[in-house]
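Both of the next two complexes hold chain A, though its partner changes from chain B to chain C.
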Partner chain A sequence: MDLQIAWRNIWRNPRRTTVILIAVVIGVWSMIFLGALMRGIIRGMIHNGITTLTGHVQIHQQQYPDDPSIDNSIDDPAAITQVLEQQLSDGSHWATRVRVNAIASNARHNASVTLVGIDPPKEKALSFIGSAVTQGRYLEADDTNAILVGRALAKRFETKPGRKLILMTQDNTGQIASKAFRIAGIFQAEMESTEKSYLFITRKAAQNMLKMGPAVSEISILLPSPDQASQTAQRLDTQLAGQQLAVRSWQEALPLLQSYLELYDSFILIWFVVVFVAMGFGILNTTLMAVFERMREFGLLKALGMRPIRIVKGILTEALIILFVGILIGNGLGLFSCYALSFHGINLSALAQGVEYAGMSRVIIPQVIAKDLLGANLVVLLLGLLVCLYPAVKAARFTPVEAMVHN
Partner chain B sequence: MVAMDIKMAWRNIWRNPRRTLLTVTAIAFACILLVFMFSFQLGSYETMINASVTVHTGHLQVQAQGYQADNEIRLTIADPLPVQKALTAIPEVKAHAPRARAFALISSNYRTYGIMVEGIDPVAEKQVSTLADIVRQGKYLDAAPPDDGLPGALVGHLLARNLGVSVGDELTLLGQGYDGSIAATMVRVHGITNAGMDEFDRSAIQIPLNAFQDIFSLGSAVHEIVILGHHLSDTAAIKAALVPALEKIGTRPPLVTLDWESLMPGLKQAISMDLVSGAIFYLILIMVVAFSILNTFLMAIFERTYEFGVMMAIGTRPARLTRLVLTESIGMTLVGVISGMLIGCLVTMYFMAHGINLGDASEISRQFGIPSVLYPKLTLVSMLAGPLAVFLITLLAAFYPAFKIRTLQPVEAMRQR
Partner chain C sequence: MTTIVSCKGISKTYQQGKVTVNALTNVDLSVETGGFMALAGPSGSGKTTLLNLIGGLDNPDSGTIQVDGQTYTHLNGSQMADLRLHRIGFIFQAYNLIPVLSAVENVEYVMLLQGVAADERRERAREVLDTVGLSGKYDRRPAELSGGQQQRVAVARAIVAHPSIVLADEPTANLDSKTGESLLALMLQMNRERSVTFIFSTHDNMVMDFARRIVMIRDGRIDSDQNKTDR
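On to the complex of A and B.
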């Protein structure tokens, strides 16, 4: 019955209730929608970072992270891959790579690049390169002098598939190794810097050119979900202890992204609180109005013997209903906005250079996560009730006489 | 009559002080937030721009057309002298310095990397960039050639680590000269630099310009002349003065003036993106505030239906009532907006003096080369834009109830009590 009375009380002044409902709806909608957009931005960044050769977990020789050179290679990758076979769950992918700094040149141009030797079939499941070739073809396992070049580098070098490219780098013995490759394909990447800095050949070709035998620079692992990264990295680290290796999760390998993640966490929280404060004033003011209008009524109720606590309960119930309805509609609209944008996202290609500068991906697809949804709704509901406690207590304090004299 | 209206409106506003205070506070809250946030955004943009500008890029650069895109060694400013003369004549120019650049293999005893090597004029460079200040070990380059005959070099600390060299070590430089000849020399590391910007620290190596021109057979040619104005805002004036001067000099390939926006298009776009997304957030916030306070405006009228009825019955025209109610709403909004703006300015000024510590975000600040303490920048625009937006949108909210009055009929209105 309390609920029914509260419901009827709310609609005694439909215009006022509608106005405050709209404020709550816009507030909740903006929390959910803009929160999801911010999550989408950071997810795009992480996705970029992980697929641009990081993977969820990386294994290197211990010195490699500080000194990424051929001297710090993993000499016996077979011992590690055996452990990986046993330890990793189904649905995980991993591949070995050779990665060295090199100089690429043709007749007219030269540039400093990162040369990556990959296992073509395995790499396909692991990083962006497997699906990034837009012109020419992807690498095949037995290619010995085929190379994949980024679109931006190909443009700068005024070259195309079928043309030659000379690579020069330091081999395992400290000598300069130089070899001509033929461009098999051109790849496109999310970031122009990726297209400019990475060149791909087969791992075997790299090992031959660099005289490094079976050694590799890194092993990259992709897990079924990025959340398992830290745990898996720790487990592998204990399994592989004593082999002078650095096993790092993507959070450790990409500290910049980890800081962004934390920064966005606080952004979202601040946004929730700011929006709540903005609508909190409205909720408080509206409830106060409703209470003071009904001063006489409360006085009468008290004179008839109603306990103050029931008055507090009644007013809080009214506030709860308004908040609840507002949250419901706000959630609906917020989720609908996210759903509507989930197909194509917000495309920022027109600002490609700015997007790249900020390290974002070109398309932002909103991402709703339970933590934010729960956070937004709890902030509104709990703080909303807290704010309404003031008018509720105020109403309960009206003494019958003073309330009935009023007006 | 206007004076009386205002007096009446002012008294009406304070008939319900609690409600008015809450409404004013809501408006002020939005204004404080907007003034502060907008100033903070502007401040960090300026810090970001200045960081990039002073570490390396300069406010403007003169280059041969096409050099920016390709960094081709052949695209030179063959004779920098007339350009430098023209620059000296422009009063807004604080300093300028020539640079040359070429791709080369740098080898230490253990490692070889391919890097863009830069030739700088040690004396002039000091005036346009912070290069001399970011030498963390060893010393800056001397203007005079060193005693041992080996040109000095400054190396970024990440590059130095990758090469495995420290101050005093020798490096071999191997590249291709302007005329296609082999350019090879030894240099000695004089100093290790740390700009706090990973990209720069990983790839920077500077040697004296005259040695560079010898090694790469450039003669007196350079690739860019970096220009620093007295202030960022001088950029446009310098560009306007420089373009006709360069036309007069008229070389092949033609020389172009590039300002920092075209030298770093990513930075410019990232800033506009941040501004636009900020604007969206602010707009939504203002809308929430507007609906929050719309009830106050509405109530101020519906509570007083009887009163309006009486006033109309004794001959007050509806237009005057509308004006009265609008004056009340505007008065209330103005109190909120102005107090919010003032408090916002005070808060901003406090942080302008003390800075905002970003704390753990140091990875991010290294990415963009900004210090971990940021300062907001209060300008006329950042002070007024937010409050003005709040004022206009709130005004919109006030219109609806104010015009509602026109539909009132005196008799019916007085019956409602």
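On to the complex of A and C.
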């Protein structure tokens, strides 16, 4: 009967109850939806960071992270790849690369770029380049002078597949190495900066041009799940001890991204609290009004023998019902919004330069995770009950006479 | 005859803005079990204050109150609530009933607070509503009942849990004379049949006519105390 009474009390003033409900629904909806958008942004940033050649784990020569020059190459990658064959779990992929700074030029233009020598078949499963070619063709393992150019760079250079591109850099002997390549394909990346910065040739072509022999700049590893990165990096570090290598997870390789992620977790929680504070004032105000309107009734209930704690429980039960219904509807709307946007996402191309600066994808697909869903609901439920505690305790503390003469 | 209410040296003051009002000054009062008594006096005399103190709805500034063997001093809010729940019934001048509950649910409510089982609550509530002449109106909400009918529901609720004493504050104030008279007759019947002690706070002559004892209160003090021949 207590629940029945609480339900009836809620609907004494349908307009007021509807107002509170709408506030709760909008609050919960915005928490879930915007939280999911933020998670989508984070997921995009991680994805971009990892697929733009970082991978989940990277292996370099020990000095390379501080001085990424050709002098700090891995001289004997075969010894390492043997260990990888044994140690990595099923579903993992790895590939060796050569990476150097270079100058690219044609008849009209030139630009500073990063030249990446890849193993085409292996690279397909590893990074974005394997599926990014939109014009021309992808590289083949025996290509000696084919090159892949980013769309933005090709546009800038006013060039296209079939045309020549000259690359100039410093080789392993310290001499200037220069070679002409023919554009085999144009690739499109998530970020325009990637299209302008990277050029791809085969690893063998790079090693030949730079007189590196079998040496490589890095080994990149993609695992079945990014969560395995830290553990795998630690394990490989132990296995490869003594070879003067730097084995890093993507979190260590991209410390700025890692900081962003930690910041976002806190930011999402802060967002929840901010939304609730805005909503909470409305709930508190309306509950106070509802309680003070019923003070004489509370006086009557106390006169009949209702204990103060039961008055508190009654008011909190009414609050709980409203919060629960609001949470249910808010969750439904939030999840539906995320589902509706999960097919095409939100396109931020109009803000392309701004989002690229932050490492964000151009299309954001909301991602709902259990932690955020639980967090949003708990914040609303617990803080909602907390704000209603004040009017409930206030009502319970009046003596029956004070309550019954209350205007 | 045993004493069911004993007030000794009761004083109570209220603040009305910056003014201190002496509502009661050093009042002594005893009420026997089965009494049908009126606290009478003009508005502001202190009769409602005394009734509220007897009912444990407020606390005196000084003096002691004992009701049905229980002394009020040192009882906390929950203990006072329990006392009211099990031993005292209340009928107020207005706003007696819980608007979202039907007549039978209003009567049941006291038993709900006492923890009585649902079936028993419902059966007893209906029986008492029949006794006060409200058969067939169990499911009506207060807004669907007349003033007299609402007061009858209040009487039913006041007696359904078998209290030792019923305190009624101006119960006929908002009723016409005919309705008021029938309500008083009903309460007198309860008093005779069930030996429930009734104490009224009133300035209605009709109530005073029904009462077997009239205590006049003026300016916070007992002015006179008269027993009448039995009704």
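The definition used in the following text is that the second predicted complex is superposed on the first by the 403 of 407 C-alpha atoms of A that agree within 3 Å, B and C clash if a C-alpha of one lies under 4 Å from a C-alpha of the other, contacts with A are read in each partner's own complex, and residues count from 1 in each chain.
To be clear about the criterion, contacts are C-beta pairs under 8 Å (C-beta built on N, C-alpha and C of every residue); 3 or more make two chains touch, one makes a residue touch a chain.
A quick note: this is a predicted structure, and the numbers were derived from the prediction, not measured.
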Contacts of A:D171 with chain B and chain C, given as first, second, both or neither: neither
Which superposed partner A:S112 touches (first chain B, second chain C, both, neither): first
Which superposed partner A:E252 touches (first chain B, second chain C, both, neither): neither
Touched partner set for A:D237, first chain B, second chain C, both or neither: neither
Larger contact residue set on chain A - chain B or chain C: B
First, second, both or neither for A:D265, with chain B first and chain C second: neither
A:R296 touches, of chain B and chain C: first, second, both or neither? second
First (chain B), second (chain C), both or neither touched by A:N285: first
Residues of chain A that lie at the interface with chain B and also at the interface with chain C: none
Chain A partner contacts - residues on chain C that touch it in the complex: 52, 55, 57-59, 77-78, 81-86, 88, 90, 92, 95-96, 98-101, 105, 108-110, 112-114, 118, 157
List of chain A residues in touch with chain B within their complex: 15-16, 19-20, 22-23, 26-27, 30, 34, 66-69, 71, 101-103, 110-113, 156, 168-170, 174, 176, 255-256, 258-260, 262-263, 271, 274-275, 277-286, 288-289, 348, 351-359
Of all residues in chain B, those that touch chain A in their complex: 18-19, 22-23, 25-26, 29-30, 33, 70, 103, 105, 110-116, 161-162, 164, 176, 264-274, 280-281, 284-285, 287-289, 291-296, 298-299, 302, 360-364, 367
Of chain A, residues touching chain C in the complex: 1, 5, 8-9, 12, 296-297, 300-310, 399-401, 404
